[in-house]
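In what comes next, subunit A is part of two complexes: it sits with subunit B in the first one and with subunit C in the second one.
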Partner chain A sequence: MSAPKENLKARLARMGWMKTVASLLLLVVVYAWTSTSLDIKPSQFLDGSTWRAMADLTVRLGPFYRVNKCNDAHTAWGDDEPLAGKPNPKKVRAVCEQGRSQYLFYDDYWEDQKAFLKDMKDPLLDTFRMAIVGAFFGALLAIPFSLLAARNLVKWTPVYYTVRALLNLIRTVPDLVWAALLTGALGVGALPGVLALTIFSFGLNAKLLSESIETIDQGPLEAMKACGASWIQQVRYGVVPQVMPQFLAYSLYVLEIDVRASTVLGLVGAGGIGVLFNTQLTYGKWHRVGAIIVVMLVVVWVMDFVSTKVRERLI
Partner chain B sequence: MLEFRKICKTFPDGTKALRDVDLRINEGEFIVIVGLSGAGKSTLIRCINRLVEPTSGELLAFGQNVTKMNEAELRKWRTQVGMIFQSFNLVKRSSVLQNVLAGRLGHTGTMRSLLGMFSEADIELAKRSLERVGIPEKLYNRADQLSGGQQQRVSIARALCQQPRLMLADEPVASLDPPTSHAVLRDLKRINREDKITTLVNLHFIDMAQEYADRIIGMRAGQVVYDGPAKDVDEKTFEEIYGRKIRPEDTRAGAVREGA
Partner chain C sequence: MTTARSTAPGPAPLSLWKRWAPTFWFLVVIAVVVWAMTGMKSYTVKWSEAWPSTVNIVKLMVRADWPYTPTLLAKLLETVQMALLGTLLASILAIPFGFLASRNMGKKLSGFGKMMLNAIRAFPEIILAIIFIKGVGPGPLAGIMAMGIHSIGMLGKLYAESVEAIDKGPTEAMLSVGANRIQQIWFGVVPQVLPEFSSYALYRFEINSRAATILGIVGAGGIGTDLIFAIQQRVWSRVGIILLGIIVVVTAIDLGSGWLRKKLV
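Right after this comes the complex of A and B.
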């Protein structure tokens, strides 16, 4: 008594397409995990070394430093140096002599943080300035290009496709890569940072705006055409009033992204608070890195809150 | 003054919207074009200001050949032709004044209009146009705050602001309720009488066509199948134009009873 063999199609139909997709996805995950080039071994998670390293980082971003079992005491810091966000040599030596490994609290943690906040002020303002200038010029540049990249406004398709391709090309390159490229060309400083943000904002804003333009009500344009209005007049009186709120909202949104992006541009030497971040990272001042992250978090949170409120009003 | 000579229009998808239309339209007439949807009424009206380009044939207007006009001439011709749409086609976020002034765009230089510098005379004209359609107090309201009937009046004011010689209306009352529909058509008729502006209106309500038209043009499948004075038209004529029996929804009054 053998049942007739079920063919693949019927089997798939019985499983349902959701299950099929799910099992395919699972196969992809297994493939990705087991492929050797990634070099991630399950043992790294099972023996806890990865988790321990991450927990260690979290602690050291706070007001603690780690003393290892080794002889840190006489290699790293001299006794006569003043404490300024540095481990206390006496305590380090004490721990080392006992041959233990331990987390210690920075003696001058709060004083150091206060002083460091002052150091952060100027780079932070620079970051803001870079973001604002970049977002502004990006938005300005986006206006003409988004008009040319809107299918409903440009009847001559070669223009439309060329501009679209250009915008896609610009958006393919991430902001950090633009900054790295421009730093290579122009040298270290805020200028490549601002230019990178301008290009990045331009690409993003032009894309969003052109898509907004494509969804406007075409009726008023037809009416104006029927009144004898030229193309540019139709744009000024038919398109601009319709997309103005979106344009302002997008510009704010892009500014928000720019503030976030400009914080890391310093990593490649393009100015702003990222430079400070990079320095502290290089010298292993993890508690200061932690402070920068907290300040950035507050800045981004405030920025997000304000721009969301304003955008709610706009649309 | 307006003459269609063998106008044909075939759309890229192969639809033949107009087939050899020959028409003469005289100065000052109030013409209603009737026909079922898809009969080519909209295409016919849009051929006049070339929002739709005729595939072949010639259109003569005031001694000019509209079909042969270049871009600049066409824009100049369009300034003389006011147009009203079923969906009003106002910029909803702009003020009523801005919407009415749009009618002056064809008369205003590019630089001045980009800067929004309309002349005093233009603004005066816009206000007068709004007075003529009975809503002068809505000048600074946003267009989307107005009711449907008021929005259609704004679009009539926009067309008036052009100081046109010819007025086209494409289903101007299809999205309005019966009392407002009659008010809008009365406005159009009054303007036609007072300013001697030749007016062409697309309608599919036969009772309204009979009530307002001087002359009725019937269209079916892209061809003119009836052309004559409105007083000679009766239900039988409409049945010939529509190619079927008249139903309640073919009249403004009946469309309401049906709850349409």
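Right after this comes the complex of A and C.
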């Protein structure tokens, strides 16, 4: 009669386009489900007022301020002498009495930014300090735990699984949540930030390090075991020389991530430049917020560049 | 660097610098850490008071606020949906960036594309969320847009790398039978990169589901808002159950997406 019946798998493989259609369908379903239950319409992405508000904000992150109402806070200050980073009342009145809405340039923009840069120095250094201390203690803590979380070094599986589970547990909680929790417990300041970063970098570093310990060459370990070396001796002379370069590279990588994280930890009150960011945000000093964002970007870029270069040399 | 050891039986004795370099760098690290620890402002915690209160907080957190579960589940679902939609947005927006930044497809524009991706990546999600909140108001949309934009940076970079690694054969074969550029990309490149693209998008979904839990801290929707309110009001039993929820959801997404990614590539 006819050819033998193809099995389902072969038929599906023949119809490769079905896969594409199925995945596209899945995407549409996901989109439809999420957007309806979150009540988000595509028009909101493209809405004119959204983008007008965004554009307005972008202008105000630069050296401009907006005047639209005469009873605005700008004129309420009422000083004839414009203070640092404040709008010029005379100009504001001139614009708003004509009933127009206009962007004006801060008269003392550069002076204000220069002065603000001085204010930024301490929080910025604090940011670096928090990241350094966090990454350092995280790395120190990671050493013993990564040894315990390596399959090839720990033969007694309960220890291995417990340590693994602990590390996974630590890593599932995001850094900002750690910071928020510790600020709640210990109060506002750099210390909760340092502790949050320590916990966070410990989880990350221990995970990376334990994985590279698991891939080491077993030869030296077995040779040493055959000569009767103790566990400590095996680790000291068999494991440490093999993973040291990776450990240093990971620590640097973690430091890089910590610097990134510590710039925003201040949003929950955990010290660093984020605290300053939050203050300027609450006061609506957008040009200063813009300056902080620029500084954050520069810091992240420099850190990225330096850490990549050093890591290239290490491995 | 530090593996160099003076006692090793080598043919030539190590130079003075090589012998002392590990010690030198070790001292530099210690000096930097000491500088960092001593210079830090606002070390105002009194451990004699802070430690018992921390222990007390942990005790309260363990006594989870179970009646809160229905709200928690709704909020967690919202968080996951935010992550899904944000990832969907980013994984589509990142495709043109990926092609632009790849050396074989973007040609001369590759460097420019990579620079743009780096610039996008440098903005932390939470800062973007704050900016978008000013645009669209507090709520999940701001968070989705923040994740959607921030994720382009990483996804575009990974996409570009997988586009760079494709096999030239199919494209050249099509060129030889007279296919135009669009046809070449659609039939020669897309089938090759699609599994990797979706695998990266899934990986980014894992990261975004973590990010979505914190975006609420600044008011961009999701569980973070409830978490930060509970912490500020010191309702530790509620903090405990929210943390539990975050851990369970993130772990579940990690496992599920890891399994799916193994199937894809």
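Points to keep in mind about this one:
Following the convention adopted for this analysis, the second predicted complex is superposed on the first by the 266 of 315 C-alpha atoms of A that agree within 3 Å, B and C clash if a C-alpha of one lies under 4 Å from a C-alpha of the other, contacts with A are read in each partner's own complex, and residues count from 1 in each chain.
Just so we're on the same page, a contact is a pair of C-beta atoms (placed from the backbone, for glycine too) under 8 Å apart; a residue touches a chain by one contact, two chains touch by 3 or more.
None of these values were measured; they are calculated from a predicted model.
Legend: residue contacts after superposition of the two complexes on their common chain; A:Arg236 is shown touching subunit B, with no touch to subunit C. By the touch criterion stated above, A:Cys227 is placed in contact with subunit B alone, subunit C being left untouched. By the touch criterion defined above, A:Arg93 reaches neither subunit B nor subunit C.
Once the two complexes are laid over each other on the shared chain, residue contacts for A:Arg66 go to neither subunit B nor subunit C. Considering which of subunit B and subunit C touches more of subunit A, the answer is C. In the superposition on chain A, contact of A:Gly219 is made with subunit B only, not with subunit C.
In the superposition on chain A, A:Arg151 contacts neither subunit B nor subunit C. Common to the subunit B-facing and subunit C-facing surfaces of subunit A are residues 241, 244-245.
In the complex of the two chains, the subunit B residues touching subunit A come out as 49, 51, 75-79, 81-83, 85, 87-94, 98, 102-108, 110, 113-114, 155, 158-159, 162, 168. Residues 20, 23, 27, 30-31, 33-35, 37-38, 40, 44-45, 50-51, 53-54, 57, 122, 125-126, 128-130, 132-133, 136, 168-169, 172-174, 176-177, 180-181, 183-191, 194, 241, 244-245, 248, 260, 263-264, 267-268, 271, 277, 281, 293, 296-297, 300-301, 304, 313-314 of subunit A touch subunit C in their complex.
Interface residues of subunit A facing subunit B in the complex, by the touch rule stated above, are 217, 219-220, 222-230, 232-233, 236-238, 241-242, 244-245. Residues 1-3, 5, 29, 32-33, 35-37, 39-45, 50, 53-54, 57, 77-78, 81-82, 84-85, 88, 118-119, 122-124, 126-127, 130-132, 134-136, 140-141, 144-145, 194, 198, 210-211, 213-214, 217-218, 221, 224, 227-228, 231-232, 234, 239, 243, 246-247, 250-251, 254 of subunit C are the ones touching subunit A in the complex.
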